[in-house]
Amino acid sequence: MNNNTKHIAILNASAATAPSAKDALDTTLIYASFEQPISLFYQGEGVRQLVNNQDLTTIHVKDFLKTMSAFSFYDIENIYVCENSLKSRLLAANFHIENVQVLTPHEFANKLHEHQVILRF
Amino acid sequence: MNNNTKHIAILNASAATAPSAKDALDTTLIYASFEQPISLFYQGEGVRQLVNNQDLTTIHVKDFLKTMSAFSFYDIENIYVCENSLKSRLLAANFHIENVQVLTPHEFANKLHEHQVILRF
Amino acid sequence: MKTLSIVVTTPPYSPLTITAINYIKSAIALGVSINGVFFYQDGVINASEHHTIPNDEYQVLTEWKALNKNHNIPLHVCVSASEKRGLSDEITINAQQTTNINECFTVSGLGELVELSTSSKRVVQF
Amino acid sequence: MKTLSIVVTTPPYSPLTITAINYIKSAIALGVSINGVFFYQDGVINASEHHTIPNDEYQVLTEWKALNKNHNIPLHVCVSASEKRGLSDEITINAQQTTNINECFTVSGLGELVELSTSSKRVVQF
Amino acid sequence: MKVLHLLRTSAYNTPDLSECLATFQPNDQLVLLDDGCYNLTHVLLNEFIENNGAQCVSFIKDHATARAMETNSKSNVNAINLDTLVNLTFECDSVITWQ
Amino acid sequence: MKVLHLLRTSAYNTPDLSECLATFQPNDQLVLLDDGCYNLTHVLLNEFIENNGAQCVSFIKDHATARAMETNSKSNVNAINLDTLVNLTFECDSVITWQ
């Protein structure tokens, strides 16, 4: 690994039930395990990944959302969610993980612009 | 092949550039070659398949739209397009094939309801 | 007699495919006769002999095999959709003819979809 | 020195993949150094040894091979995404170990994506 | 003829709900399955229910529970299971899957 | 930091354009490629251009021609090729692909 540290953003655009949500999570954990500074952004249907009281086992899908509780272990502390995406879906800021920051679209865009590598799933 | 003839509808929902547009066309031609009464419906982004002056070869994609000129050879005469889908895309009723009937959403729904098997691509 | 054919267009790693399987199981339990399942588009990946799903996840291929073996449901994979995705029952590896499609699946043309459509009371696309 | 890594998530039968290839060719012509291409999600199907595209259509695999051989661009396919889609360099057919991934592609973990991200000036996802 | 509409996507992501409703006729049935359950709180569906009543709309209970949508929704749409969906398949004359 | 936004989908089909514009900042660049060219006549993009000017928006000429969109569009957005896109990639600081 070379020393050129980058600020990485994973922009989550898919509901928890989409295969790409799991792909985004796997990617996040790999960057974190290589000690790259990584931030998570949830926008659009992506905000549904954070919603409390989901139970994917009801549809025979492994509950990979539980893995997100390991974010603090991996020092993933920058977790941002777009307030407008929550509001337009009538979702309360009631999440199954801690330390999620609800941002206005303007703040959300500002934070996103601090990153050199942005992958969207 | 059993004798139980069905009225088949292929509901086209994808632009010409989507792989599913080709899948829809292949399916259409197979039903037609087995002499099943088949109707084509174009709605939403699907209406773009009918737009004149496209040239997929510009993006190195084989121009499968040309095959649609064979519809009359296959006796495919029921070709319907949703007027609202055209209008909301600012598209004129200027098509690269003949005999396309522009229908209001109500007429479009009526026609669709005359079919026993409806596949959407 | 209620007869049904199913078109599956979703890959094995999608929850949408689990829904299709559960729907078929419900139909069987209710006495519906399933004339066949036609795999098209990304649905053909279900037939791959080599796709692997972690042990603690829903085993889609096992379920399809059981539907084929225990309930005699024909599983047709579209030949052209398969070839686009690297699946074939006529591949050559080390000068030997072999297949990478599971034996419970039959490689068929789109004509089979026509046959299923005309022979069944209902066709449901998943 | 302009360095670039590319992430490809679209399958060989999508025009989106042709765009990615043409973008890479433009970059090379402009003197950009391509550190690698990482195939993820449906992008891994590009690496399938057996996927077939009709002769009169754009030959995606041929293009990827040429980029690898003529320009030494490493082509990494994600191992977990591959296995989900039936692609592996460790499959057993008739008691023989074999592969269904084209030899121009390297089976890699997601760690390779991290390496490419940090070693390149820009990462572009297709 | 009576059409059974199966909606499997979220109207926040695709035009499927809107295209489905454009073809809906009075005797038809709409069933929300998979991500279609996210539409339980969508304005388009709620307007439709206000105008047409809730009796022609159902959702798969397990699919909504998995997505924490059952409790989020306030509409009095029918919760059904897959057995009921199979029966609906034969009560209607044809099926359109919006996905 | 200056972001290059690559939009590859039609706003008639996905929320990508709308989510992209929500994150757009004054120095950013937006390039329409592939089905993103369909947005050349979309109301969301045209409102954006009215408010922000056309100089921060481009489209890939071949991709628009293939879709018969070059002639359909009346906006004075820049037609570019992939060489220009490669240059933009390095003139901006990062890239987001909306697809």
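Order as written gives the chain letters A, B, C, D, E and F; numbering starts at 1 within each chain.
Keep this in mind: a contact is a pair of C-beta atoms (placed from the backbone, for glycine too) under 8 Å apart; a residue touches a chain by one contact, two chains touch by 3 or more.
The model shown is predicted, which means the values in this text are computed figures rather than measured ones.
Asker: Can you tell me the least number of steps between chain B and chain E, where a step is a move to a chain it touches?
Answerer: Each step joins two touching chains, and the minimum needed here is 1.
Asker: Which chain's centre, taken as the mean of its Cα atoms, is farthest from the centre of chain F?
Answerer: Chain centre farthest from chain F's centre: C.
Asker: Would you kindly say which chain has the C-alpha centre located farthest from the C-alpha centre of chain A?
Answerer: Most distant chain from chain A: B.
Asker: If you average the Cα atoms of chain A and of chain B to get two centres, how far apart are those centres in Å?
Answerer: Chain centres of chain A and chain B, defined by C-alpha means, are spaced 40 Å apart.
Asker: Using Cα averages as centroids, what's the distance between chain A and chain F in whole Å?
Answerer: 25
Asker: Taking the mean of the C-alpha atoms as each chain's centre, how many Å separate chain B from chain F?
Answerer: 29
Asker: Using mean CA coordinates as chain centres, what's the chain E-chain F distance in Å?
Answerer: Whole-Å distance between the two chain centres: 34.
Asker: Residue numbers in chain F touching 2 or more other chains?
Answerer: 12-13, 15, 34, 63, 94-95, 97, 99
Asker: On chain C, where are the residues touching two or more other chains?
Answerer: Within chain C, residues 11, 13, 15, 19, 22, 123, 125 contact more than one other chain.
Asker: Multi-chain contacts in chain B: which residues touch at least two other chains?
Answerer: Within chain B, residues 17, 19, 44-45, 56, 59, 61, 117, 120 contact more than one other chain.
Asker: Which chain pairs here would you call touching?
Answerer: Pairs of chains that touch one another: A-C, A-D, A-E, A-F, B-C, B-D, B-E, B-F, C-D, C-E, D-F, E-F.
Asker: Name, in rising order, each residue of chain D that touches chain C in their complex.
Answerer: Against chain C, chain D makes touches at 11-13, 45, 48-53, 83-88, 91, 93-94, 96, 98, 100.
Asker: For chain F, which residues count as touching chain B in their complex?
Answerer: The contact residues of chain F facing chain B are 10, 12-13, 34-35, 38, 41, 62-63, 65-68, 71-72.
Asker: Touching chain C in the complex: which residues of chain A?
Answerer: 17, 19, 56, 59-62
Asker: Can you tell me which positions in chain C touch chain A when the two form their complex?
Answerer: Where chain C meets chain A, its residues are 11, 13-15, 18-19, 22, 54, 56-58.
Asker: Note which residues of chain C are touching chain E in the complex, please.
Answerer: It comes out as residues 2, 4, 9-10, 15-16, 19, 22-23, 25-27, 29-30, 32, 121-126.
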